[in-house]
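Here the structure comes first, spelled out in structure tokens, and everything after it is commentary.
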Amino acid sequence: MTTQASVLENLAEVRAMIRKHKRNDYIFSIIGLVALMIGLLTLLTLFVDLVVDGYPRFTLDFLTSYPSRRAASAGLLSAWVGSLLVMLVTFFSAVPLGVAAGIYLEEYAPKNWFSDLIEINVTNLAGVPSIVYGLLALGLFVYGLNLGESILTAGLTLGLLILPIVIVTTRESIRGIPVSIREAAYAVGATKWQVVFHHVLHYSSGGILTGIIIGMARALGETAPIITIGALTFIAFLPPSPVSDVAPFINFEWLQSGFTVLPIQMFNWLSRPDHAFHINAAATGALIIVVTLLMNGTAIWLRYRIRKNIKW
Amino acid sequence: MVTTTSPVKAESRNLSFYYSSGHKALKGITMPLYEKRITALIGPSGCGKSTFLRCFNRMHDLYPGNKYDGQIVMYPDNTNILDNGVDPIEVRMRISMVFQKPNPFPKSIYENVAYGLRVRGERNKRVVDDKVEEALKGAALWDEVKDRLHDLAFNLSGGQQQRLCIARALATDPEIMLFDEPTSALDPIATANIEELMSELRNKLTILVVTHNMQQAARVSDYTAYMYLGELIEYDDTDKIFTNPSRKETEDYITGKFG
Amino acid sequence: MVTTTSPVKAESRNLSFYYSSGHKALKGITMPLYEKRITALIGPSGCGKSTFLRCFNRMHDLYPGNKYDGQIVMYPDNTNILDNGVDPIEVRMRISMVFQKPNPFPKSIYENVAYGLRVRGERNKRVVDDKVEEALKGAALWDEVKDRLHDLAFNLSGGQQQRLCIARALATDPEIMLFDEPTSALDPIATANIEELMSELRNKLTILVVTHNMQQAARVSDYTAYMYLGELIEYDDTDKIFTNPSRKETEDYITGKFG
Amino acid sequence: APAKNDIIRIDGSSTVYPITEAVAEEFQKAKRIKVTVGISGTGGGFKKFCRGETDISEASRPILAKEMEACKAAGIEFIELPVAYDALTVVVNPKNTFVKHFTVEELKKLWEPEAQGKIKTWKQVNPSWPDTPVKLFGAGSDSGTFDYFTEAIVGKAKSSRGDFTASEDDNVLVQGVASDIAATGYFGFAYYEENSKRVKAVPIVAKPGAPAVLPSRETVMNGTYQPLSRPLFIYISANAAKSNPNVKAFIDFYLANAKELVEEVKYIALPEHEYAAVMEHWKAMKVGTGFGGEPEVGVKITDLLKRIK
Amino acid sequence: MRIINVIMVSQVLQNPAELPISARLAKNVRRHIMERVIEFILMLAALSAVATTISIVVILLYESFSFFEHVSLWDFLTDTEWTPLFENAHYGILPLVSGTLTTSAIALAVAIPLGTIGAIYLSEFASHRTREIIKPILELLVGVPTVVFGYFALLFVTPLLQKIFPELPGFNMLGPGIVMGIMIIPYISSMAEDAMRAVPMSMREGSYAMGATRFQTALRVVTPAAISGIIAAYILGISRAVGETMVVALAAGQQPNLTFNPMESAATITAYIVQVAMGDLPHGSIGYQSIFAAGLVLMLMTLTFNVIGHITRKRFREVY
């Protein structure tokens, strides 16, 4: 028979123990928050460090002048134009390929060893270190196909590098579209391609876009594979313009042009003995971070919005 | 409800169906659909009603490994729509379908209804406008949406969405319309609307409807088929089925002893 | 089944409960739990049985936004366990719970039973060994598992897993034990085992059990409460409820006219 | 990739790079002709040059026999032009107090191939130095600096131990020595001048009994900083020089502005008369090298130019 | 016959209404072919992934094959020196492997505890709101280019560490290891959190019902239940660390050094590859081939980790 006294005595003991245990809860939640903040603080420190160092070069001139032996007048013009052009190639190689592959795997591929093979391939490619893509580029594009150390080579390399990202996000966003929508379209007589083009692709475009942005941000910051194919040059001019004023108005000569890109320019300046160049490098670093964070931020925001808006 | 006899619009002949799993979900079903009549399919869950219905627009072709055996013949042209030489897409243009849960596309109301025409390559805006209006009127939705045709379809209520799906199915002038439990996701008022609509549609086309709700079958249909374990147990005038079924199994089901 | 009267072990007083959604799932329930008696909660799905049961060990505190209104008082110490000053952990140490689906931890049989002691900081192996054995015996599982105490609990059958969960709940000598449809995931033989076990446990502690199965309530409980839409419709001796309920609603439910 | 006429392609020595970069920058401002300058190291540069991928190759040592063969095989003739002097500077960490100077002997002991895996402490090099580890930082195997240093110190080009931090990127070396008390390394004089606060130059004793000499403008010019003084070169494809007016314009510009720009980037300019001789040599478009296909230590430029007929 | 069919079909497309109904049902050949063509094109795109893998493998194997014509596999695997570009050439991959493993180990020593703690915090302690804020921020961290992290390691972290360990050389494995660790925290914490969130609520309720605190529940029930998913996160983290290039290339020093001492400088496989690639090695030389041999080893290492990681993760998914 439980008496009031024994119950109360017991309770006092239990309460003391609970207090002790709850202290652990409290301590852990602080540790947990700190553990997560370490990453964030690092990022912040890094960014502040770069901003403080690079501050004097946050001018428009910095973006509109060519590299120079004089740190103070050196600029990023050829680097950001190079980055832009390389990204253009990357975009046009990875996006159609990746989206098409994603569509094939989700919508068309029969469930057999063949699609398993592709599937395993894509997951593994996503884990291949970027430097290995550099080796691929060196062996295949530079020497195998003789494309040289050109914008085309760099763009294709980064395209392959982000291909798995595009494929995986494409598949994920396609998977979110319910069967009932597909069946509805088929039921009014749409062909498979019409279903894919009018519906699947249309409704998953937001999700696919986030994948593309994240992939492009990654490509923008990649350095190792580009070093491997041998950039790192003094380039104080722009590649031939992709558009011209005489017919046929578009030319592809720029694809074969040599180039430099933002991370390489940063790398280059940091290997200068003169400290003044390190300021340029810091400013470049801050710029790369801002751009990639903006891109990633857009992607995350976009995904958030899609999740919020589309409730099938 | 059956007033006069009417020609047969389509007929399943000894139709069996196998899912890719090997499961035989339909076992030799022979059954007519009379023109401009409503035929209801009833039976306990899993008996194969949806499976049967979805044979009529070859929906099963979408999933590899499914197999039909037997025929579904359409009149007056006497075509076996399960034939390999027949294009399932063309079948779906003649026989449209309304699903259990309203499934409008995440597009505007207008585009939802126009979709069947777009798929057929219709570009003429006048034609499309007219058809959309006609279909929405046919689905008793025109008055409610005519001022917001370019709103997103998702913004409609469940019942409105289902009527929109009916309008979408109507817009291509189908000869037969399939309904798979079209009201099971709807509230009683929306259900009554849809039932009324179906009765009206009977003037224009042939209807096959699957329903869980026996009262509904009794209310709307001219003929009723009772299925059990993939077999057609009984097919007859609705009145007859509900008042005086010839088979014991049917009676048990109708009276709620079972199911 | 009620032989002699017994003191009240706990009592809900005008207890209402609101889910974070704002839904009021319990509406002013006042009901006693008699010591060393089994009280059964019955009622149609969604009537609030689980919600009520889970107030007793403040399970609702795990999810933010839920709100209690009213009291649950425990005797003999007269504590309102819903009071803000009372730590839910303390409540859970006094009142343990067995869930609908067996939910053993991914640990050995031994560690599953010892868990409550470990959580209380018990380190003495002898004490733990003894308690584990006692609890497993109490849950009528000892003979079946004594040779494989260190096997993973997942390797037990469903019924054994449920008895393991009972042993786990028993090991810490709770004053009250809550069962939320403890047999609904089990086969008839396992169910019979658990029911027998509950009758035995009645000698040691107070039991509150939610069940869907009216026969089960009739078989195992001393008192039965019938709930409907968050309200307590009737509470009485089990015999009385099942033979001669005072309310019409209860009778309808008991006789299967409804639910 | 096919070399295109409208772009002047330059690659090679990281040591010469700052000079060429300065010239290229000014040239592009003046002439609007496109120039690219890469950094592959002297050896890397010659490899591209002899494959016909570049018009001009920079070098911090003369072309080697092997490279001449490669060029010949590809039908590429070249014009060799010295453009500046450099002093290979041996440095230690500023906190290192015991190294007062290095003799060539000591450097050899430290860097020869036989030292690989064996010479690990300072004491092993010179018994009066402490028994603490020594860390080495030197030029990468593709660089002219490496070839020149090994030739000058070990006596045979490319003959070096391999267990040191080898980098084409001189800043890695500066960084390495500056941040490690145990370190010593070598690189071009300009890199030392830019970082003279972070690393300490060590005087070199050329021969037993000779004085210890620190690298500087004067000691290079007066020939006392031996054996690590060296000329820096550019090599111009004769074909490009003759057929491509842009290349010709570029070299004209290079030589006309060399003195000023070399000094600006903290290298040691040739004396006026030597630049004049080089200019003459260029005007005459004399192909070939003044060396026998191996790095030669301590030659005078005027002598050198005379060797080429 | 076939031609007639096609003609008929194109008529169908133009004017469906005017045709007899049964003709409308005939297979539309042109459309049918179009659909096939589209499917084929899409399949080719999907095959690009396979082609990429094959190209990588072929190129690595091909160049490595030439490499191993000069160097015996035994030397490659057992020699303790890696000096392929020098007079006294040695081709022992071990120093590069030791550098790779040491930097990865340091990274994991940082990332595993912090990542796990972070994951537990996010999944078991943080409120919904906190989680919604923190997770995207962590994702941002993944987006920062590694070259920036490399300079951070070299110019910020190492000098900081030198204040604690004055003996620490400017190039060392500790600094970049730590930075790499911080870089991969988000990978580990977000994947481990997914695994923990997949643990069914009933398991947690069982624990709380026994009077356990959050911490006890997290540590004794949720973590063990999610363990294979968490381990998969670790393994994929290892694979990332092993393949990371710029951070180590910039800050770990570039001297192949058979040591596991984090206070020393060393080269990793990846660092060796970029370092060599920065110069210009002629196609076909042994130095050129050596980076492919090193790349092959790297590929094999990461592939092993990736495969193990995916298998663990898949198995774990099957449990719930």
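Quick notes on this structure:
Note that the chains take the letters A, B, C, D and E in the order they are written out, and that residue 1 is the start of every chain.
Criterion: contacts are C-beta pairs under 8 Å (C-beta built on N, C-alpha and C of every residue); 3 or more make two chains touch, one makes a residue touch a chain.
Just so you know, these numbers come straight off a predicted model, no measurement behind them.
Fewest steps needed to get from chain C to chain D, stepping only to touching chains, is 2.
Touching chain B and chain C together: A, E. Relative to chain A, the most remote chain by averaged C-alpha coordinates is C.
Between the chains A-E lie more C-beta contact pairs than between any other two chains.
With each centre defined as the average position of its C-alpha atoms, the distance from chain B to chain E rounds to 51 Å. Inter-chain centre distance (chain C to chain E, centres taken as mean C-alpha positions): 49 Å. If you average the Cα atoms of chain A and of chain E, the two centres end up 14 Å apart.
Residue positions of chain B touching 2 or more other chains, listed in rising order: 89-90, 93, 120. In chain A, 18, 21-22, 191, 230, 232, 270 are the positions where the chain touches two or more neighbouring chains simultaneously. Across the assembly, chain E contributes 31, 213, 216, 278, 280 as residues in contact with two or more other chains. Annotation, chain-chain contacts: A-B, A-C, A-D, A-E, B-E, C-E, D-E (touch as defined at the top).
Taken in their complex, chain C has these residues touching chain E: 57, 59, 62, 64, 89-90, 92-93, 96-97, 99, 101, 103-107, 115-116, 118-120, 165, 168-169, 172. Partner chain E is touched in their complex by these residues of chain B: 76-79, 81, 85-87, 89-91, 93-94, 120-121. For chain E in complex with chain A, the residues that touch the partner chain are 31, 34-35, 38-39, 41-43, 45-50, 52-53, 55-56, 59-60, 62-63, 113-115, 117-118, 120-122, 125-126, 134, 136-149, 151-152, 156, 179, 182, 185-186, 189, 213-216, 218, 236, 239, 242-246, 249, 270, 273-274, 277-278, 280, 283, 291-292, 295, 298-299, 302-303, 305-307, 309-310. Against chain D, in their complex, chain E makes its touches with residues 81, 83, 85-90, 154, 158-159, 162, 167, 169-171, 253-257, 265, 275, 278-282, 287.
Considering their complex, residues 11, 39-41, 43-45, 47-48, 113, 116-117, 135, 140-143, 158-169, 172, 175-176, 178-183 of chain D touch chain E.
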